[in-house]
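Next up, some structures in structure tokens.
Presented sequentially are two complexes of chain A, the first with chain B as partner and the second with chain C.
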Partner chain A sequence: MLDVTLTHLATLGSSAAASTAPIQTGSAVASTMHVVAATGVAVVPTVFEGAANTVAVIVLLLEFMMLRTALFRAQIRLYAFQSLAVSVLAVVVAAGRDIPELYVLAVVSLLLKVIIVPRVMLRFLRDSRAEIAGSGALGVASEIILALVVAGFGFFTVGALGIQSPVLPTAALGLSFAVVLVSFVLMIVRRDVVSQAVGFFSLENGVSLASLVVAAGLPLILEVAFLFDLLVAVVVFGVLIRVHQTRSSSLSTVSLNRLRG
Partner chain B sequence: MNVVLLLIVVLPLLAIAVGLVVGRRVTQLVTGLSGIATFGLAMALIPGVGGHEIGHRVSAIGILRADSLSVVFVLATSFLYAATAIYSVGYLAAEARLAERLGGDEAAEFARYSRRFYVGMNIFAWSMLCAPLVNGLALLWVAIEITTVVSALLVAIDNTEGATEAAWKYVLIASSGLGIALLATIVMYYAGAQAMGQSYDLAFDPLIQSAHDLPATPVRLAFVLAVVGFGTKVGLFPVHTWLPDAHAEAPTPVSALLSGSLLAVSFYAILRFYQVALARLGPAFPQNVLLVFGVLSLLLAALYVIDQNDIKRLLAYSSVEHMGILAIGVSFGAPLALTGVLLHVLAHAAAKGNAFMGAGVLVRAYGTKSLTTIRGGLDRLPWSGPLFLIAILALSAFPPFGIFRSEFEIVAGGLQASRHTGAVILVALVTLAFMGLGLATTRILFHSSHPDSSTHPDDIPAHDDDGQAVDVRATRPRTTLVPPHNSNNPDTDTVLSGVAAATATSVRVTSARGLFAAHPAGARQPGERVSAAADDPNERLVDEMARTSSGRGEPSIWMVIPPVVGVLILLVLGVHPPAALVELLEHGAALLVGGAQ
Partner chain C sequence: MTATLPLPATQALQVLTIAIGAPGISGVIARVEARLQGRVGPRILQPYYDLAKLFRKEALAPAGVGPFFLLAPIFSLACYLTVPMLIPVLTSYPLPLGYMGDILGGGFILALASFVVAVAAAETGNPYAQLASSRAKTFGAITEPVVLLVVFSVALVTTTDLPYALSATVLSGPDQIVRPAHLLASAALFMVILFETGRIPIETHTGTIEFGMIEEGRSFEHSGPHLALLRWGSAAKQMVLYTILINVFIAPWGLSSTTRVDQIAFAIFAFLGKCAVLGCVVAVIDDSFAKLRLLKITEFVAAAFLLAVLGVFTLYLGGG
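After this line comes the complex of A and B, so read on.
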């Protein structure tokens, strides 16, 4: 089952990555068809657009991997990789659009999201003996299928809106919405605090992706403010995870069901 | 005027710094002074901003900016900041006395708790004051994100099971919502970049001025994302689910700030997006979006208010109701309705602050949040009982209070704009919610259904693990005594199987906090519950409160003063709002009609 879904995933990935190749054949995939349809002419994507879309696909694939990973530490490592991909995208955009500020952002993002945040999270987990997340609300296969549907919905909906400009890699914008939606799936179906927290952090990665794609010129000071806000949120998440762990001796959220009505 | 702006932002920072270095008493004083001074400064902004032409604004240090719209929200926040700062003195008094008497570890524990409480509260108030005063959508998002992380810690501060659960839900749901709001900000940035070039800072004025040149679809997308994203913090249906939990489990002063101020400030963020959307898309689309969210929120809240058993959750759902009213009011689009909406923000802050503060006293006096257990409040609490009643009447839009005037204006504005269906739905659902609030309040204040229930503190019911009130005088065990997640634990079942155990369980009286939560309930051994009865810290707290309560049962004079001021403000807003304020509100409404840049 998993293989099948991963094949689906690969198809989705290649559909976006396909826009990196010159469009000559009739097998243009939906996303590229959309570009063609919207602009009226089949444009040859630039290297920048291709690179941006490829990184966006990698971010989405890593999001799917988080969804199927059961080990807490592996999940946090995947988050670090995803953040690394986003930092790489910052470099790509900096070079492609000639915005030197984004190199600084890439470095800050690398420091915070690839090194500090995962370390902080792992430190919070150090005292925990739990290694494996409890079972999710759904089986892994169903989770992936659900996530595929949701990701497809996000990707094509944003595509259908026809938001475009000469400097915008359209597929990457759709992919960033897909990442956000899949991170919601991760938060909803997983029943442990670590997965839910990582789900939120990866949601932020999806938003960063969108920000790099559509708002590359956003002043650096604001981007950095966003990142530091994330850091504060990480600390608060960590504190609450610690409190929850001390209180219920587990990382599961199953016991958090008393407040209703 | 720009000095005033700067002071409003700096004063709470001073209070934070003081709270970090000195003891509780000085911090209390400084926090109270900071709150009162901030409120005074905010009032000074009324003529300074509203007294000029429509759209007049003052700014300072490049990133601070106040127009008539922002001043309304600063007024609401600074009033509640002052009120809760004073209220907190009484709120912590009994524990402070107990801690002083016990000394040693418990005194140190309480000192830590009160430092965290005051520092957190000041940061929370500061971030909520900054949000309406910063210039630009991006900074606004940053300020609101800070409110989330700080208030999540404040919700968790009591370190009970309920508080932990509420804080986790809150931080996860609200942060995710703000993730969506960030996406909205970024999409709006993209839209603006099409007109203003690739690098600009999302400041309000240029964005609204060039709104006509923005591409329509991204503006539409940004507005919807903003309503969903910031709507999570406003408590709009269906993303309101964190709200009742957080309001019910937070310490009362924090609940008052959350409800009266935080929700409104988040609504302010939606209004800023609304301004841009209105200028670009015309009124139909943004108003319809707000109408749908508003009606659904109002409907849900009205239904939950009717069937509610927890006094703080009751008020929390009432907040959802009032946020729904705000959204519907904006959707009417008429200047009269929009003036009503801005007045509603102020009146709701005063009324809901009062209601939470009154509820806090009731909870303190009865040791429970359960509406089925609190009885005869008017007899027992000579000041807080009537004040709570007035707050509920004010919330239900009774004349002569401010909410009557504001809701009247909203409905009249709706009829003026030929939004008859919306106006009828609004009136019907508000009436439904009034029924729920009225019934619950009548029961807890006027009924004395337990003939043997004297006002002796020994009658204060304990709580089971589940947060449900346990009436210690009950003659038979109640099934609710067994918490669902413990029901497979034979030890617990045995312990909880009788009334005696229920008395001994006494995990915590709702009003007891960090000091007494040093050993978390989850770590407590079943046997310990029974033996703990003799020296249960909660019972000591109850004794302490009974011993030191002033007058005919009011826990503290400091918990009465702020609601009295709140009632006066509600009367002023309802009977005859000052001309300068009316002018401010009208100017603010004009900004939302699109009359001024």
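After this line comes the complex of A and C, so read on.
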């Protein structure tokens, strides 16, 4: 009696692993990423893929948290965390796929995006008395549902393209597109300059996530050039924030409703 | 040759473990919470004394309520104690009645119990009890999609929605644990459990502020043994939900894989220990966050929904 139940359970429990194991060992890992076995179960990702995807999901979740945050400082802190997650992903890829120059990239992006950019942004905000961003164009729950729809769109359009990467699982590419799209939502629905700037910077995080997936072997000099592009954007946004603040003595963009020649 | 326990006895033991252990877990949470606040706090066994005291008291019912009001506490406790037959509490292999229902079936029974309590509360004339039951149903309706999506992701991972199957899948190796779909579904389920057990981001568990009450407010008109049954039932519900989270999603280790008595005895202690650890985590959350305003609960649920949807998305993309 017990034996019967035990074997039944064994077939049940390991059906995900056992039924698809031959496929996974039979061909390269990258090409099985999209294979869905006849039973309808997605192939179980390896530990490396699982970890990489989890970090990518964390990047996306932090992007969603930015939609919710009301404090300027908290938003900038979230951006720092998100950049940290991207750097961690670079380290994971470097270790898992043995691409040493990604370590350098991780360090540079850590210095720039986790430390320097947030510090500069916080300094720009030091003079401002406002601490709380006004409400966005929508309620938080509706914003999240909207962003979720947009993210799902990004997910599945990228999934339909069928881009394969030798370095990272394809899901991470879909996730990076979702990050980009959600950061657009953030920039559109929020009505304060800081959220819009942070949305722009986090868009860059999404793009660097995508570049990790598609072109991890990109020459380092190019990657670093992108990072310094970001620095230029920070300076431009900083100046804009300053100008806006001195003119309208607030950080809200609600007053910007007239076009001037 | 060590003694073995017949399967029906093990099944009965699963129900008994939940029924007897549940007030103790509530006691542990209350104690840890008080210690974290710098108070001495009640004894861990305090919920048992409370139940004993309430059982000795007389039962009063408001004028005009029907028999439903008096039967609801018994019925709801019976529902909560049916679910442990369907989920892995002590054993990693399915027991004879384990296939009576899947995760959705268990969810239906839990929902039925809370529906019965809500209807009984609505039968009284007490505005706070009615307010609480209407809130419980309103917010219950918005958490339902989260639960469904968690079940979907389980179904996509295991091709069944039997709790035993997911538990065995999680046990099968680390690659099943680090996959984002599993982590996201577990996190979403944890948030649902915080909601369902009325813990801090949603409501204060031992509060006396009627305006913020959801779960607690429903039992205002019950008294004596009926109140005891309701309290016991909500403790049992809490432990059942903890069991689902622990033994199905997060840590199905320590379950007995044979029918030997010593293994099952070890499984009981391991299970109670795991529940106590989860209770400590809940107590820490209780002490480190503020209660959300009622209108902000939708944001909390939206976050749980987001996690669950992302889990299903990543599974569909093949990377989950």
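Here, the second predicted complex is superposed on the first by the 212 of 261 C-alpha atoms of A that agree within 3 Å, B and C clash if a C-alpha of one lies under 4 Å from a C-alpha of the other, contacts with A are read in each partner's own complex, and residues count from 1 in each chain.
The criterion applied here is as follows: a residue touches a chain if its C-beta (ideal position, glycine included) is under 8 Å from a C-beta of that chain, and two chains touch if they have at least 3 such contacts.
Predicted, not measured: the structure shown is a model, and the values here were computed from it.
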First (chain B), second (chain C), both or neither touched by A:V185: neither
Touching partner for A:V198 - first (chain B), second (chain C), both, neither: neither
Which of chain B and chain C A:I76 touches, first, second, both or neither: neither
Partner chain(s) touched by A:L251 [first = chain B, second = chain C, both, neither]: neither
Partner chain(s) touched by A:V140 [first = chain B, second = chain C, both, neither]: second
Partner chain in contact with A:V91 - chain B first, chain C second, else both or neither: neither
First, second, both or neither for A:V47, with chain B first and chain C second: second
Partner chain(s) touched by A:V117 [first = chain B, second = chain C, both, neither]: neither
Partner chain in contact with A:L102 - chain B first, chain C second, else both or neither: neither
Touching residues on chain A, where the partner in the complex is chain C: 1-2, 5-6, 8-10, 12-17, 33-36, 39-47, 49-51, 53-54, 56-57, 60-61, 64, 68, 140-141, 144-145, 148, 151-152, 155-156, 159, 169-172, 174-175
Chain A-facing residues of chain C, complex: 7, 92-94, 156-160, 162, 164-165, 167-169, 171-180, 183-184, 258-259, 298-299, 301-303, 305-307, 309-310, 313-320
Complex contacts: residues of chain A adjacent to chain B: 99, 161-163, 165, 167-168, 177, 180, 184, 187, 193, 196-197, 200, 203-204, 206-207, 210-211, 214-219, 222, 225-226, 229, 232-233, 236-237, 239-240, 243-244, 246-249, 253, 255-259, 261
Residue numbers on chain B that touch chain A, as the complex places them: 138-139, 141-142, 145-146, 148-149, 152-153, 156, 159, 161-162, 164-169, 171-172, 175-176, 179-180, 182-183, 186-187, 189-190, 193-194, 197-202, 215, 217-218, 221, 244-245, 248-249, 304, 307-310, 313, 466-467, 483-485, 520-523
